[in-house]
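There are structures below to look over.
In what follows, chain A forms one complex with chain B and a second complex with chain C.
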Partner chain A sequence: MNDVYVVAVGLAGVMGAILGGALPVSSRVGAAVALTWVSCAAALGAAVTVLSSDHVITLSTSAILPLTGVTITLDPLGAIFVIPISIVAMASTFYWLGYAGHGLSSRSASSAMPLFVTSMLLVPFAASVATFLVLWEMMALTSLVLVLTDQSRREAARSAAQWYAVMTHAGAAAILLALVLLSAHAGGQTFSDIEAHARHLSSAVRGTVFVLALLGFGSKAGAVPLHVWLPKAHAEAPGPASALMSGAMVNLGIYGIVLVGNRLLGGGPVWWWLLVSVLGVMSALYGALYAATSSDLKRLLAYSTSDNMGLILIALGASGLFGASGHPTTAAIAMVAALLLMVNHSVFKGALFLAAGAVQVATGTRDLDRLGGLMRRMPVTGIVFLVGALSVAVLPPFNGFIGEWLLLQGLLHGLPTSNTWVVISISAAVATLALTGGLTVAAFVKATGIGFLGRPRSDEATAAHEVAITMRVGAGALAALCLVLGLVPMLVLPAIERAAASARQVNASSVTSGWVSLHLLGLRGVLAPSLLAAGLASAALVVIVIRRIAHRRRNAWPAVNPVEPWGSGRKLQTARMQYTATSFGEPLLRVFDDVIRPSRDLDVSHLVESRYYIERIAYRTSNDDVIERHFYRPFIAGVRWWGQRARSLQNGSVRRYLAYGFVALVIVLVAVT
Partner chain B sequence: MNQFAHFMTQVLVAVVQVFAVAVGGPLLLGLMRKVRSRLEGRVGAPIHQPLLDVRKLFAKQRMRPRESSWVFGAAPVVLVATVVAVAAVSPLATTHPPLGQSSDFFAVVFVLLLGSVVLALGALDTGTAFGGMGSSRSMTIGALCEPALLVAILAMAISARTSNLPALVRVGLAHPAVIASPARILALSSFLVVILAESGRLPVDNPSTHLELTMIHEAMVLEYSGADLGLIIVGESMRLVFLLGLLVNLLVPWGVAERPGVLFFCVGLFALLAKVAVAGVMIAIFEVFTAKMRLFRLPELLAGGFVLALLGAVTAVVAR
Partner chain C sequence: MNSATYLSFLEIAAGLVILCAIVTLWRRSLRAIVRALAVQGMALGVVALVLGLHHHDDVLIVVGCLVVGAKGFFIPTLVKRVLANEPMSRETSPLVNVPASLVGAGALTFLAYGATRPVVALVSTSAGRLIPLGFATLLIGFFSMVVRRKAASQIVGLLLVDNGIALVAFLATAGVPLLVELGASLDVLLVVVVLRVLAVQLWSKFAVLDLDELQELHD
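Entry: the complex of A and B
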């Protein structure tokens, strides 16, 4: 019976792709969205079935893929990844209905979008190496098509797609190697075979497989230093696609690490998890730092994705470390925290990217230094962005806070019981967590304050209007979910605990309880998010009433009177006098000068008549990715240099090519014998 | 009936705590200004002058910059609401505050952070250079404060095995040795650095300056007037009293009510006010002899605070 769900997910996706490619422009987006919704609903149904019962959905057929066949299994771990993907996909595709008129209604895009969503939904269903890799590749290719949507208009989109294509395939190669190695040694390509045999493999093989998988999946999750494609591709992809990539696709990188590390290999020694933690610390710090100093709205959001994936990796690493040193309770809390952070990140990052897409539609730019004053012009989009920003800045009463709190509790209770290495790495993790938290707050105050508040900094921003109703509803639904999950985390926590138990291969044990106040079972930690929110709301109400009473009693002037702000005695104040995103981030840029090493360039040209008068000052500053500049660029230049050298081998002479073939054959024969 | 009486007592405790913080805040400002004036050889305004100022401000007209949105008006309300919410449930006068079980140190810190963030957004909403300047600087300082603050809390929480605030205070009462432990001393000194930075006191920010190039906090609130400005003054001073109240209760918890009862609660309340007043006077004396630091020297101070906290956390782990 439950097989119907799986078939429906796949079939609806394929139908959507066909209709999206075949129908005329007036109806193709509508059809694609409708079928994507069917696909999402079916996947959601399957996930809820799995999570609410101990039933596991399995399906196996040899009809689709030749040689290997398709094996499908949905267990609680996969189901918890399906849920946020389908929610973000439903919101983003609904949003797409309004966005389509702004350059996202081509045949290729309408056909790629349903396939992209469906392949993402089906990746957690895959239960054999071949099925997994095919779906993984389909996800990469369809998203690549979506990144390329704007390539005819923007050079940057083309270059972003190139980076994405190369990095995602390098990652896929690492994953392929890891899984093939694993299945070769385990003697079977279905995940259940691998699971049964993986424990008896030599530690060298297990370690190699884990490191390869970590690299491959880490690059998909945007872990530093494999992140370079992410700020480019996520920024250049059109609105709904970028929300899907940043809100849903990156999760699958985390899924892959949990799948290989926890499920297939069944956990590992301390050094694996130290590696995961180090990767997480690097991603979190680096992402937060670049988010705080970036002035491109979507690039900022993309770096913040790296940052959040880093936090999830820290939680995963902590869970592994506690588990390896024999502390199941704290290991379970850290795993639950990792999955909760993942779910929360999907929701608020989806909302933020959809709001950023709306800003791009309304103003034609993503440059924060050209925005401003949008809260008055686009009130709904503004509120959605504000809610998302407060969530990502882990402020109560929004959902980001709950995950962060849970992670802090896990680290706090796990710390005293561990060995020296674990203590050192966990202390570093806490310090990272704290510093990234502060930087993220600064980054999102900047994004909201410069982008949406104050006075508009360009004509485009002045002329901005609120976007279509479907776009507002799609983004608003995710923002509302941020608040709901922040008030009642128990809506998802039981499901997450079941998934965490399945990932750590222990019997389902409850970690948290309580609908109103969240208790950590077995430890002293209680949080009452809804009471906190109620307290805040009633306090605000009291303050407003007091302010009104004081006013009414005292005078008869209008309560609020709009005036020109104070300009140090000047009458004229222009929008250019405001702080920009660049100036807002400048103090932080200066504090972290040694890390980011921005390039600054100051040109002062004097008047010809007198050197005491200045004609023009040009100040340029750029903080492009330092890892890209110092590692990837030299590497690319090196490859190009070797390519140039290799060209001299080719001079068009057929005789010479035959000689190459002969020499190669001789070498092979010698090597074989 | 018994349950109802219990509920009403809890509400009363919350209201009294909030009221004490709300009135104590402006009074503490007045006290600190008075101490400063006397040390500088001036008579100074009376201690209750800030309360009079706030009353005057509440009678004045509120104005807002032309291009601002609803965020500008909401910021002072949210600022005060955050402090009110945490003051109601924190162990200030008693170790059994209402909802004390869920009064978590991390939650309290993040709620207060919400107030600062909304105020920084309100400053950006003015659309002036001053607002942006203050907002950018205060967010920079906030970003550098947060590591020190969180690790300091962690250091205290590790030795108490919980981040629950009342429990942290009770541990100090039950085992005075915990307070003298290096972990807690290091963590509390880091906490003090953060309090000074977050509430805009010297050497981070000069609360009595309006010089464009140096001001941080005053630049943020430059456009506020009338009741909004009054709310901001109350909110900021409440925050200072609240944070100092937590600090003194973690450092010298004696006097705080451990048992239910009106008498115990009153003693706890007076002990709290006396301890906070002493702390305020000490800060005021310190401020007389201190010059404001350059903005770009601040990371050194805050990094120092962070290192103290980290040392505290490490000693807490080692000591176990």
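Entry: the complex of A and C
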């Protein structure tokens, strides 16, 4: 019975791809969405079965892949990754029904989308090296097609796709090396073989495998400094695709690290997890900083993804550190926190990207400096974005809060350990959490305040209209889920605890209890999300009532002539007098000037008649990625230089090319002889 | 046929194959070179025939006849047609002159003997001793592709490579399956046809059959 789920996931995806490519434009998106939903529903069914019954789905066939066959196993760890992917995919594809009219109804897009979703859903099912790599590669290629489908910004999309293709294949090469090395030393390519033998490998092999896997999967998760593709590809991908990439695909990077580090290798020494923590701290700080200073809406969201993946890496690293230094309780809490952060991030980042896609459809721009006043023109999209922003800014009663609370509890209770390095890194992680929290709030106050409040800063924003009903429903469902998960996290916590236990290969033991209030077992920590929400709501009510009363009393006073504040007595205020995203980020840019090093360009042109009169002042700043500028660009320039040197090898003479082959053959033969 | 005559026939035929390869390096007249190629193709067919008669392998005899037909007559005729454009065609200025090419061929034959020792050790039959000759033919063919300028010489070099491979295959395995041999021959035939078309195009565009002219097409 359970095999049917797995077959249905794959079959529906392939059928969707075929129909999406074959049907005429009127019906292809509908068919693709319907079959993607079938695929998602089947995957959801499989995951729920596994998580609710401790029953592991396994399936193996020698039919699909030659030589190796396909091996499939779904355990609780994989299942907890399948659930957010399928939920985000269902919402995004429903949203796609409305978005398709805005340049996402081509054959290639309708064919790539179902395959992309299915391959993402199936990656956690894979239980052998060959199966995993094939699905991983399929996911990368189909998402690459989706990045390229936005025809309106062809140049930018092409450049983003190039970065993405190179980075994802470099990452895939690292993963391939890691897994092949592992299976060669373990003497088998199924994950169960590897698991059985991995503990007996030399520490050098285990360390190499882990570092390679961390690099490969870290680049997929957008960990700094391997993140450069993420703000480009996630920003250029069309709405539903960017929600899927940022809400679902990055999770699989985390899955890969847990899979190799915890499951296959069965945990490791302290330095592994220190490395993960350092990567996490860097990603969190860097992502939050760039999110706070970016004025492109989707780029901001993409950097925020890097930031959130950093937090998850911190939690994973902390779990490993506590595990390696003998603190199972805090290790379990940190692992649960990591998975909860992952689930929450999928939901709110999906909602945010779908809302951003709606803004782009309605106004044709993602530049915050040209938006404004959208809350009145697009109320549903605005509220979805607001809910997402409150979640990502870790404010109760939304879901972002619970995960980070759990992580902080784990970190703070884990502080009294013996290892100096662990103590230092945990303190640094707590400080990082505090700083990124602040920066994230700044980033999303900016995104919401500049983008949705105030008055429109351009004609496009003035003319914006609310988007199609399917788009509103798709994004709104995820936003509603943000609230539900924030009020009753116990809906998912038991499943996450089971998955965390399966990841750490211990028997399932709950670390939290309680339905209304959340108790951390083994530690002193209680949180009652619903009571907190009720308290917040009543406090808000009190404030509103008091303001009403005060307002009424003020109206009793003699009438005053209202003047706009800071208007210098003028009645007229234009939209251009408003705060912009750039000006909002300016103070932060100044504080972190040494890190970001923005390029500033002041161009003053004088009148010809006199130098005392200025004709025009042009001031340009750009805060492009500092890691890209200082590490990737010089590397690319170096590669290009070598490429130019190598061109002199080819002069077009056929005989010369033959001579290269002949000389190489003779040298090899002489060496062999 | 007893084993002594069988071996001497085999040695003569295989020796003829490499001798023809060396002749293609020695002669400058392209007609003579093509004639040597035809003789080599026939010798190769004879190797297959002798092996087939000795092992009473009917398929190998059929292959031998086909090889004589294809490599001894058909392909040389095709190459000869390329030359029809240039009646007095000679390899006037090869990159390496004739004496030096012959010394090079000697060195390559030594290399072939050295490099195939492990292969010879593997093959138990007495025919296995002759494998280095096939390998040397292959290397000489490659060498002549590098040092010769005319399009026809290039085709001949390629065919030498193919004949060398075929000789090694016959001697090492007492005949590859008919299907494989036919497939390989068909491949080479196709390459020859393509090269012939290329040569004709080259002639009509540049009025030469000198591959160095193609350098102009470099980006």
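FYI, the second predicted complex is superposed on the first by the 636 of 673 C-alpha atoms of A that agree within 3 Å, B and C clash if a C-alpha of one lies under 4 Å from a C-alpha of the other, contacts with A are read in each partner's own complex, and residues count from 1 in each chain.
By definition in this document, a contact is a pair of C-beta atoms (placed from the backbone, for glycine too) under 8 Å apart; a residue touches a chain by one contact, two chains touch by 3 or more.
Note that the structure is a prediction, hence the values are computed from the model and not measured.
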Chain B versus chain C as contact partner of A:G218, first or second or both or neither: neither
Partner chain(s) touched by A:A539 [first = chain B, second = chain C, both, neither]: first
Touching partner for A:V441 - first (chain B), second (chain C), both, neither: first
Partner chain in contact with A:L669 - chain B first, chain C second, else both or neither: second
First (chain B), second (chain C), both or neither touched by A:V654: second
Which partner reaches more residues of chain A (counting touched residues only), chain B or chain C: B
Interfacial residue positions of chain C with respect to chain A in the complex: 95, 108, 111, 114-115, 117, 139, 142-143, 145-147, 149, 154, 211-212, 214-219
Contact set on chain A toward chain B in their complex: 292, 372-373, 375-376, 382, 386, 390, 393-396, 401, 404-405, 408-409, 411-413, 415-416, 423, 427, 430-431, 433-435, 437-439, 441-442, 445-446, 448-450, 452-455, 517, 523-528, 531-532, 535-537, 539-540, 542-544, 547, 550-551, 554-555, 557-568, 573, 575, 577-580, 583-588, 590-591
Footprint of chain C on chain A - complex, ascending: 650-655, 658-659, 661-662, 665-666, 669-670, 672-673
For the chain B and chain A complex, residues of the former touching the latter: 58-71, 73, 77-78, 80-82, 84-85, 88-89, 99, 101-102, 104, 106-107, 110-111, 113-114, 117, 120-121, 123-133, 135-137, 139-140, 142-151, 154, 157-158, 161-164, 167, 212, 222-223, 226-228, 231, 295-296, 299, 306, 310, 313-314, 316-317, 320
